[in-house]
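In structure tokens below, several structures.
Both complexes below contain chain A, partnered by chain B and then by chain C.
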Partner chain A sequence: MDNEILKNLRKAILEYDISGSASLAKKAVEEKIDPLKVLNEMTKAIREVGDGFGRGELWLPDLVGAADAMSAATPIIEEEIKRRGSERESLGTIILGTVFGDIHSIGKTMVATLLTAEGFKVVDLGVDIKAEKFVEAVKKYNANILAMSALMTMTAPEQRKVIKFLEDEGLRKGIKIMIGGGAITDEFAKDIGADGYDPTAPGAVKLARKLIGKE
Partner chain B sequence: MSRGFLRNFPAFKILSEEKIEAIHAGTLEVLQKTGLTVYNDKALKVFKDAGCKVDFETKRVKFFPGLVEECLRKAPSSFSVKARNPEHDLVLGPDNIIFFNFPGTDTVDINTWDPHSPTKKEHEDLVRVLDALDNVHFLNAYPYFGYSGGIPEVMKEIEGVALRLKNSSKITVAIANNDIDKFTIQMAKAAGSEIFANPNTSSPLTYYTDQVNACFLAAEYGLPSMIWDGATSGGTAPASIAGAVILTNAELIPFIVLLQLLDPGARVSVANLVLAQNMKNGSPAFGEIGTTLHNVVFNQVWQKYGIPTVCSSCGPTSSKKIDFQTGYQKMMPTVLSAISGSSVLQLYSSIYGEITAHPLQAIVDDDIAGMIGRFVEGVDSGEEALAIDLINEVGPIPGHYLGKAHTRKWWKKEQFEPIASDRLTYPEWSKSGKKDCIDYAKEKMEKILSTHSPKPPLTSTQEKDIEKILNEARKYYKDKDLISDSEWEAYKKFLG
Partner chain C sequence: MDSRERVIGAIERKDIDRFPIDLGGTAVSTILAEAYDKLLKKLNIKKGIRVADTSQLFVYVDDEIANLYNLDITPLYPLRDFMGNRRDKGWKDWNTPHDNTPVKIFKSFNPKKMDDGSYIWETGGYIYRLPVGGYYFDAIKSPLENAETVKDIEEFEIPILDDDEVNWYKKRSKELREKTDKFIVADIVGGWTDIAGPMMGNANFYMAMVANKPLVHALMEKLNYVWKKRVDGLKEAAGDNIDAIIMYSDLGTEKGGMYSTETVKEMVIPYIKDFYAYVRKISNYYIVLHSCGSIYQYIPDLIDAGVDIINPVQVGAANMEPEKLKAEFGKDVTFWGGAVDPQHVLAHKTPREVSEYAINAAKAFKQGGGFIFTQPHNIQPGVPPENIIALFEAGNKYAAY
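And now, the complex of A and B:
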């Protein structure tokens, strides 16, 4: 029975089935399946999609479809992990979002999906995120990495502002910062004091591993 | 009055009247059922007063078809725009076709093809080349995005407008982010020119406050507007072309409604920068043929509305070099958009997406524009052109046409003489050092840069007025904390 639920949950993610994935996650909780085992199975499914994308066999709509299906199930399972007082295993926690004034989400979502597939716990704050909200999330989740996206030249300086906020709050030393987006260059990343930049989503995953010393 | 090219045949139509009607009906349904989110209370109030269904809490506004159709009717099908040099005045629509440039944030090194932020001189060179080329009828916002050396981000386009007004007497465009159009509109006015207000939609179905404010500025100053929609099919718009046209139109129309409510008869054109999503890496798939199909359908609908259209997607390509791919990815959409009813074609100077541009590309593009311009002017089939008497007179071989007065008159009229294409015979080509179109474009660029200056140049009063507005802008953004202390120091040093 347990295996059947897990198998179907994995299938739901691979078939981009949002409602199926959420109801199977609920069922898994009802059947008292170890939520860590469930999350592990989900991560495996998303990794499969991520790998297919990396090999050029799957496309962006597949990646985002699977990510949406996984996102529908994740809060249900995380709630159960919390209720049981157990600890989720992950490579680290990453806070991620597109900066204030910028509403571009696709690149950010790609990166979030691939980071999740890699085994990071990703807290995706969404788009148009003010500096204060980034800082708040860094504190709340005790994050290892903050990842910020900006597509537009006009909004890229907002990343500088977030870094300054973290410095003012005395949080800068405890966290690695990676930035990305169409408007970003290596030069800009260095200039604003970020720890790393990569122009591609798969590159961002490698960078995240490097930043936490788990290459 | 700027020339442009007059399209002398009916626009190419890709869909039946019935299908176009279905797209129009779909647009009205989306506007009535879903409407759009408008983050601008002043505009929400205008919509409310006009009878729209407005929820001030969620900022959602829904439109009744009657109001939409009335406002579409009020917008003129053709209008002119005044430049500081009357020779560069513009006519948009209904059958006149004009060209301008597509922006590139950076320039490229034409040996390595690596992008870099332009120097002030490189920026000036691009603007001067665009000013010199006959078929560039006006200049877009940020031909390059500012220049290197210490300008804060928020000031880059404002300094860019100052640079354009100094180096070109052609009309330009005022982008709306961070209220910078409040200053650039004043600067254009000081230089004796109109400028296009530039409200941009955000897909799907959202307007942000600065973009809406551009409509209020257009009404306040009585300026023409060029409204841009840059949805990405498959990302921020449906992947189906017809569905994406409905979304695009539902996003553009409320700006027209607002503009017509604020200033009935206001001059407005709609720019289509809808691109397909590259499903491999999430960036737009510049030069994708589906984008051109979208524009052809878009043109057909807007011809029915009688509002001039701008094809913006014909400028950017996916190539990183000035090469064969740049050529076909520009030529194909530009020619198809021109024959399907675009009034304005945003062809010039861009290479990769909105990232890179170069004056050499602009010179090669001038030949594309010239060829297309010649094509749309069509075929004269009057008595003299039919040349029946002449054919009878010349008769069979050894008769020929080379020495005839008719030939001297007509060949120049019928052919287009390119400025950069290689048209030599093989022996001539070998002798010339095997030059290609890029070599010729380099020669042309050097000639322009050593001889060209804008006519008329700015007067010293105009220059002083522009400098005064620049100083006001500098102070405004410093006070607003959009220029940090370290940026301010670097900026002051840069300004000397």
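And now, the complex of A and C:
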């Protein structure tokens, strides 16, 4: 029975079935399956999609679909983990958001989902986030990584502003910064003093691991 | 040789004096108000700026600029702009939220200013938001975002053309044809992925492309029905007073295609093919297909579907190098755009580097015709005016055949 639920949950994620994955997560909780085991199974599924994307076998809709199905189930399982007083081993805390003036969320949310699946604690601030708010969250959560997204050519320079702000606050040394977005390049990332950039969501997960020395 | 003959000559691969040049000829080869303001100032042209579309805040390019850079294309926009504001009800003064550039904007445009300083505009089931510090309105609520079944699509109404719109096309196309010798591109705000995405919400649409195919097919079919009806209306109203129509269907990101080639072949190509065949049956209009990003992998199927003019040719994206595109598809496709890498060169490099890029791109694309010189997509705020000048001076310098 347990295995059957897990198998179906995995299938729901791989087939982008949002309501299916949520109801299977609920069922897993009802059947008292170890939530860490459930989360682990879900992570494997989403990783599979990420790897397929990396190999060029899967595409943007697959990533969005699997990430959506994953995020429908994750809160249900996380709540159960919390209720049981157990804890998922965290790889570190990441503050994430789309910069001020930019309301694009698809790429950012996908990265958040994959990072969460990987085992990071992700604080997703949302879109159109001012430098002050990023810095405030970095302090509040004692974050290991700050991840910023900017889709547009004109909003990308806002990432530079946030980094400058962190420097002014004396916080830059204690945190790794990764950036992403359509118009971003390695050259731009280096130029503004970020620690890393990757063009894809699955690549961002590998980058985050690398930045905290857990490749 | 007048502008119209030149553009037709470029598309038909006839002998022409120089390649045509475009800025402001379509809603995706123009310039945003703030960048335009700086360009006019740099060139010492004193002129009030007229916004041509309230969502992106792009402008009508003035005759002074058209004459200076020998521009060959002019747009026939529909009566209502992208956010539903009428173009025939006069102007009012307004300042762009980002840097307060004074502009003339359509009278009916009266967005709600929120407590946080952002602007909200609601129309036809959409809610658009321009954040503080932002540059344009993006949809935050879409009319079909909860659509799940074919029935949801069937019940959704997409307007065709009302009498006012038909009359507008008729009057404006006649005025344009009489007033100018330029090649006239009409816009019916039609297309495929570009329209369906915002209608459903982009993330929902991406997902439905693989997870709810019947829904996407139903929507595409409905869109094609509406586009054909709009072309019927346009044809009746404008007749031979226009030369081309433009259709929108983004398929690429900077790094590659958004969808697998198979998905596009199954979900998009048949509708493009059907629409092109229809337009060619009832008219002599050229059709420009606008599709952003890296679309290299789809071009063979687009050609099979009848596509022969591609815009914006985003040369900075993966696999979109001018030499490669020209060598592989140059005999079948006219490249309308591709004169510079907009994100990495035009926006950030020096005028000299812009000029060098443009000259090399023009050299690659111009051989044997089939090239219309313009930057990929609209010039954004923050692009230095010196770079824009360098781009169009380079275009003019190397235009001659």
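What we mean here is this: the second predicted complex is superposed on the first by the 154 of 215 C-alpha atoms of A that agree within 3 Å, B and C clash if a C-alpha of one lies under 4 Å from a C-alpha of the other, contacts with A are read in each partner's own complex, and residues count from 1 in each chain.
Quick note on the criterion: a residue touches a chain if its C-beta (ideal position, glycine included) is under 8 Å from a C-beta of that chain, and two chains touch if they have at least 3 such contacts.
Model, not experiment: these values are computed from the prediction.
By the touch criterion stated above, A:Asp68 is placed in contact with chain C alone, chain B being left untouched.
Of the two partner chains placed by the overlay, neither chain B nor chain C lies in contact with A:Phe120. In the superposition on chain A, A:Leu60 makes contact with both chain B and chain C. In the superposition on chain A, A:Arg160 makes contact with chain B only, not with chain C.
By the touch criterion defined above, A:Glu15 reaches chain C but does not reach chain B. Once chain A of one complex is fitted onto chain A of the other, the partner contacts of A:Gly182 extend to both chain B and chain C. Taking chain B and chain C in turn and counting the residues of chain A each one touches, the greater count comes from C. In the superposition on chain A, contact of A:Phe100 is made with chain C only, not with chain B. In the superposed model, A:Ala201 lies in contact with chain B only, and not with chain C.
In the superposition on chain A, chain A positions 56, 59-61, 103, 106, 153-154, 157, 182-183, 200 are in contact with chain B in one complex as well as with chain C in the other.
Listing the residues of chain B that touch chain A in their complex gives 105, 145, 153-154, 156, 177-178, 202, 206, 208, 232, 234-235, 239, 277-283, 355, 484. By the touch criterion given at the top, residues 98, 118, 129, 131-135, 138, 140, 202-203, 206-211, 253-260, 263, 342-344, 347, 380-382 of chain C touch chain A in their complex. On the chain A side of its complex with chain C, the touching residues are 15-17, 56, 58-62, 64-65, 68, 100-104, 106, 109, 127-128, 152-155, 157-158, 182-183, 185, 199-200.
On the side of chain A, the complex with chain B involves touching residues 56, 59-61, 103, 106-107, 110, 153-154, 156-157, 160, 182-183, 200-201.
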